[in-house]
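What follows is subunit A paired twice: with subunit B in the first complex and subunit C in the second.
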Partner chain A sequence: MTDALLQVEGLNVSFTTYGRTRQVLRDVSFSVAAGERVALIGETGSGKSVTAKAIIGTLPNAATITGGAIRLEGREVLHMPPGEREALKGTAFSLIMQDPLSSFNPVFLIGTHLDDVMRFADRRRGVRASRAERRDRIAAVLRRVQLADPERVMNSYPSELSGGMRQRVLIGLALLHQPKLLIADEPGTALDVTTQDEIMNLINQLVREEGMALLMITHNLGVVRKVADRVVVMHHGDIVETGDCHRILGAPAQDYTRALIDAVPPLYGPRVTTQALTEGAPIVEAGALTKTFGRRRSEFTAVREVSLTLRKGEIFGLAGESGSGKTTVARMMMGLLSPTTGQVTFHETPAKGRPLAQIVYQNPGTSLNPKRTVAQSLSVPLKALGKKGAVRQVRMQELMALVRLPVSYLGKYPHELSGGQKQRVAIARALAAEPKILILDEPTAALDVSVQKTVIDLLLQLREELGLTYFMISHDLSLMRNFCSRIAVMLRGEIVEEGATPDVFAAPEHPYTRALIAAIPVISDDEERMKPAVTDEERARTLVATTV
Partner chain B sequence: MQQHPMVAILRRLGAFILVLVALSVMIFILARVVPGDPARMALGPAASQAQVAQLRAEMGMNDPLLSQYLHYAWNAVHGDFGMSLVSQRPVTQDLAETVPATVELVLASVIFMFAVAIPLGVLTAQYRDRWVDVLGRLISLTGVTIPSFLVAISLQLLAARFWPSWPILGRLDHGLNFHGGPTGFMLIDGVLAWRWDVVASAAQHLILPAFALSIAGIGQITRITRAAMLENQRKDHVLTLKSFGVPERVIVFRYLLKLSSIAPVTIMGLEFASLIGNAFVIEMIFSWGGFASYGLEAILHKDLNAVSAVVLVSGLFFIVANLIVDVVITLLDPRQRQKGGR
Partner chain C sequence: MSDAKMLLDASDREMSAAYMMWYRYSRKPAAVIGTLIVLSAIAMAVFAPWIAPHPKDVGTVVNFRARHHAPELAHLFGTDQVGRDILSRALFGMRVSLLLVLGVLGISVPVGTVLGLVAGYFGGWVERVITGLTNVMLAMPPLVLALAVSNLLEPTLTNAMLAITLQWWTWHARLIYAVSKSVAAEDYIEAARLSGAGPLHILFREILPNCVSVISVKTTLDAAFVILLGATLSFLGFGVKPPTPDLGSMVAAGRQFMPDYWGEVLCPGAAVLYVTLGFNLLGDGLRDMFDVES
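Moving on to the complex of A and B:
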């Protein structure tokens, strides 16, 4: 293929850390034709981001390219003089970063970032432009990414914009010099589904209108279906399979790809979990909870008049996007936070010294102390219960067996464990004090899809074995559909819809629920067709605008 | 919601007055509970009991404590700290002559600190684990650990041995026949009087004590700057700019430096306390004749009026310095301005 815009051939990259060398890319070869949309998919550690960094030229110092070639419009970039290679940045290809809040320097205006990027790219290309000319060009690009008021955006600090707006600016940054190839590194991953959906639509539209090629790096198969013509599947530094998007998603040739696809919770059709749910007596009841933060002028009502009942043995899901107040509700329900008005009634009293509820946090990477072994982490709640010596040891071993981890892992530190294993430890820690209720705060959001499935399976088994009640907080509606028996949807501090999960998904009443469901990236055309309809007017009324 | 910077500054000023009141009460009480009779100290051992009693009455020391304090506070507000027992002149007048000397010294040290420490911090971070870094860290560690009086005396000895013509005492050559100007800062007064010989001499005199005084701060600020630079280098926004080909030097000296200067500026506010404390020692060693040496003299002679004025002024220094630090940080960091709102 000589007409390929980007051609990666037999790329080998290895990392050297602490004197140990590890190969992270093995003979990676693929190509992107002009105007083509290619997705590079894989889970954590698959090498997809390293591939992108090798193309852009931002590999960390620990990495060495040990072989292969990267050709851009037929020119080999790996052996280019540094100045020439630098000149490609932003002009021949451009990167869309994901925005985990930190893609912009917090003490500089958005406009300063944009202007510097443009100024130095201009200088490399020998273009001379005044500050005012640059400002006009930047404003035009910002309008291109549907930011209605470019002046205001440029005069804002990063912290003054919403995540969706920052993501738009990042896309604008990539468009400043009409590149031929866009490389997108998980854009929108850190954003709410509805915002992510808008961002994907925008990227699609821009690629189509400007005739750019797109290399999308993602772990989300739903996103792939939406924005890619062709898919490259990576696993542990190898390319597993390459092919047309519909072919890969519909009839994958490799077992690994099939496993990936099967791990995605379906939005329609039979639920993954068919566990019988016993709905017992109310265990916690919340009556008209309202929570107000701040005082006087800065007063902010996070939760308004929320009433909920958690029944024994059920899996209750509280859905909502960031800032909807779902975590605040969960905290009040568990007595961690006292409501401004309203009350929480507990219908069951735990044994003395034992908590009724325990919480499992979203990111086990940060909820476990990195300097403590698994045993030390587990011993904290056990010590609080007064368990000593051999009794504590036995209980720790029981807990490890419960979460299906070998007892030998007790001596390990968190960094020696994988994400899924860490989350298992976090679950074991939550179970140590034998709570009746487990609060799951986005328990799988930080995990790969395949790992997510194993954690969910574990949680379901534990519920059956221990008779637990789950209260799950999440923004992932497709996960909730497969996991929860009842869900409530929160919007701006209020519950807008509540009901048995199958009912809510079969006929969502509130426009916000419909918008949420419609925004979920799905992997088959059938599912896409079954999504509820949302009018633009409803969307505008319920979603936070990311364009102004 | 952006809070107007003025509101924040006015709030600070309010707190600042409260701190001053609290400070004055503490000084007042402290001065009255320490043993020793100021009247006896002033008159000397030869004075008769009656003379001492008479002076005590004149000084108002027989009145109730509260009325003594109110009297003291009222006068202090009007700039009257009473007479100094040692110099037999109004304390205010003594202060007016000595404070500018100290301020000049301290300001020079602060400028030194930033001029040396920030570039050193950036360099050590840029060349992490290379010889520049090792050397820079050695210098900063030395600065933090060596007491400033040792540095001061060593500098004096070295200068006297290797460069005998370099001044090591006082603020100005006596032969210059210059008696200060309106500001009390030798450098500025020299410029105002168009006397370049005075400016040169004052600068020569200033360099060694200012350097000795700043050495501890240099060590501290270098370390903080280095840590902040290293921390921020790993952030995504650096990668954003790199991916678009913004040159390394712009990323380091513009983007990273501003973000990383917030921490050292904050530390500077705290560092000020030890700066004033060290100034007492440095001024003695270099015969600086500033307000710190005046204060030391006053403490040794239990000159109560002078001591309380000196402590009050030191507190004022510290508070004003922190006020300035707060304002600078508010200007540096837009996130600070958003606090309070949501």
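Moving on to the complex of A and C:
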């Protein structure tokens, strides 16, 4: 393995916080050959980002490298003088950052930002270039990342570009000095699936054309299949297995990898679960809802003429990308927001003092008050229902049992719980109010894929036990395929497609639905083949352009 | 959130919040020293009658034979122009300063906090009225306002307190308003409202606990300012009436006899410095300690 571009050998890293030391990486070894694409995958806390940070040299102060070696082109970087190591940045390797918004200083023009980076790198390497020369080089790089009008991009502020365009600029930034290794930390995670798909295509193309090696850090197995030749699976600081991408995804050798793959909701094929369509009576009916925000000049119509019926006992899914108006529709249907025009009819009136609907929010980190214990959070709806003393205590214990959490957790604060546990508490709180409908606002988007599966299974069981109706809002179509009995797809404030879930996925009518489904990263070639076909013209017509 | 941050969080999960706070606090020598200073200052004020070498000198004692004694064992910082022990009077002066802090912050912190919470949560005209009033009050220089009030009324401890309080609540109102407004936008506030919680519950049970760290840091740092402001008022002759010993008026009285009888200025001056320094160090320490949750 002498020809490896990057070689990590027996890397051990530990973190010391509040006087206690924990080992977060144990004997991590892998290599990336020149021109090879390697994906480092793992869930939260697996140590994948720590590994990347150790390579780049940006570990937090709390971290200590306790052993091992990292070699770039055969040179050991860990014991290099800081100046020498600094000189590797941008030339030997380069980083594509995760968050396209926070990676730019909002008060500088994109052109200024890129020029600074180029100037600093030039100075480090003793290159002298005029401003005009640098500008030409920058324009060339922006063209490489398929930004059609580099001049306009350079004269824009970060806030004036879309998320997809910013991500392209970030990739361009990493390409400025033709690095041999590109390290990408969860690129496109914050973007919509369709944009993410384009970004992955771009990275793939660049890596191939420039002959760069790629180290991709991700939790998304679908992305892995798309951009990696070889996969390194990490779990709790250990490498679980390493191997060819198709072999790992198709026939994993380790139980952990298998569990990870099984937790990914399938889009097509025999593993898909279909929720039966229930022909219950309508609970909520929305007629021609329109919502306009802002006044006169800055007026913006978020939702246009949307009519929907929610039936008793069904799992209805409203799909759409960010800004499509799906959350606004859900809020109007539940009476949390009044429509500008149109009306909402409730066919079922809740018992006195009982709300019809409760919400389970996307991020359990922000939907639970950090200063209140689980018991205190649960007591709010119980108090509102007039439950006191022992009755309240018993009900709390029932609720904990319902969401499969130990009763002892009642005394814990949110920061003592994991993401999945927090989301269970949030579900318990929603159930405490005894609603008829549960609004699920991307309930698993902030969770790891294996945790996501357990939460979804819990929600399905709860629906059986309590006879609830679910209204789910999500951008994750593969999740909705398995969870919803009926779905509607929203595009720019309008519903473009609606129907029983299997029908919509088997034969999507609207080009946008097709483009959306086609962009979902899947983990098997079979699924890839079963995706609907989209023409470039259809794609251009329905998707937001990220190149101009 | 990055994976590294998650890992740090995961290790935090195994520890109690109290332990993490204690850990941060105990590793800040300045904070520990601040605590010791504040505690000792409080002890000195509370036990002044017992530890002062000449507790009688606090009243209207005149002993011209002992005037302007140089520092000696019986009078560590000497005596003033009517022969009273400077150290004893300074100890009682700290009592006045701390009482002033207690009075001013005891009223302005709760008032400012409630107004800030209400303005931040309810918004609309309530917000406009409260923030408007706050801004108008903030536009007036505190010392000028305090001077005006104590000029109109008698110069007593209560009136000095009143004069400072009149302006002080605005700082807390503005600070808590900002916190309350951002907390009010959190999902958990909407969730509480959805599950049937009333406004009182939301204000005091959901939002207020999230303001506690900010309030305690601000209050501690404020204590130092209030002591300085009170001393300034007394120095200018608008504070506590003689013969009640006050650090500010003691400095003012001793000033005429500088530099010959330096102890008369140095002792009360040092007392002001000691207490303000203590509160400032403690405030900084608290800020680091509470950083855990933010």
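Assorted remarks:
In this text, the second predicted complex is superposed on the first by the 538 of 548 C-alpha atoms of A that agree within 3 Å, B and C clash if a C-alpha of one lies under 4 Å from a C-alpha of the other, contacts with A are read in each partner's own complex, and residues count from 1 in each chain.
What we mean here is this: contacts are C-beta pairs under 8 Å (C-beta built on N, C-alpha and C of every residue); 3 or more make two chains touch, one makes a residue touch a chain.
Source: prediction; values computed, not measured.
In the superposition on chain A, A:Arg372 makes contact with subunit C only, not with subunit B. Which of subunit B and subunit C touches more residues of subunit A: that partner is C.
By the touch criterion defined above, A:Lys48 reaches subunit C but does not reach subunit B.
In the overlay built on the shared chain, the residue A:Arg131 is in contact with neither subunit B nor subunit C. In the superposition on chain A, contact is made by A:Ser102 with subunit B only, not with subunit C.
In the superposition on chain A, A:His79 contacts neither subunit B nor subunit C.
Contacts of A:Arg529 after superposition on the shared chain: neither subunit B nor subunit C is touched.
Once the two complexes are overlaid on the shared chain, A:Val24 sits against subunit C while remaining clear of subunit B. Residue overlap on subunit A between its contacts with subunit B in one complex and with subunit C in the other: absent. Note for the complex: subunit B touches subunit A at residues 1, 235-237, 239-247, 250, 254-255, 258-259, 262, 332-335, 338, 340-342. Looking at the complex, you find that subunit A touches subunit B at residues 56, 58, 86-87, 89-90, 94-95, 97, 100, 102-108, 113, 116-117, 120-121, 124, 157, 159-160, 170, 173, 176, 293-294, 297-298, 300. Of all residues in subunit C, those touching subunit A in their complex are 2-4, 6-13, 15-17, 19-20, 23-24, 186-188, 190-192, 194-197, 201, 205-206, 209-210, 212, 293.
For subunit A in complex with subunit C, the residues that touch the partner chain are 15, 17-20, 22, 24, 44-50, 53, 59-60, 62-63, 98, 185, 217, 336, 353, 355, 358-359, 361, 363, 366-372, 376-377, 380-381, 383-385, 413, 415-418, 426, 429-430, 432-433.
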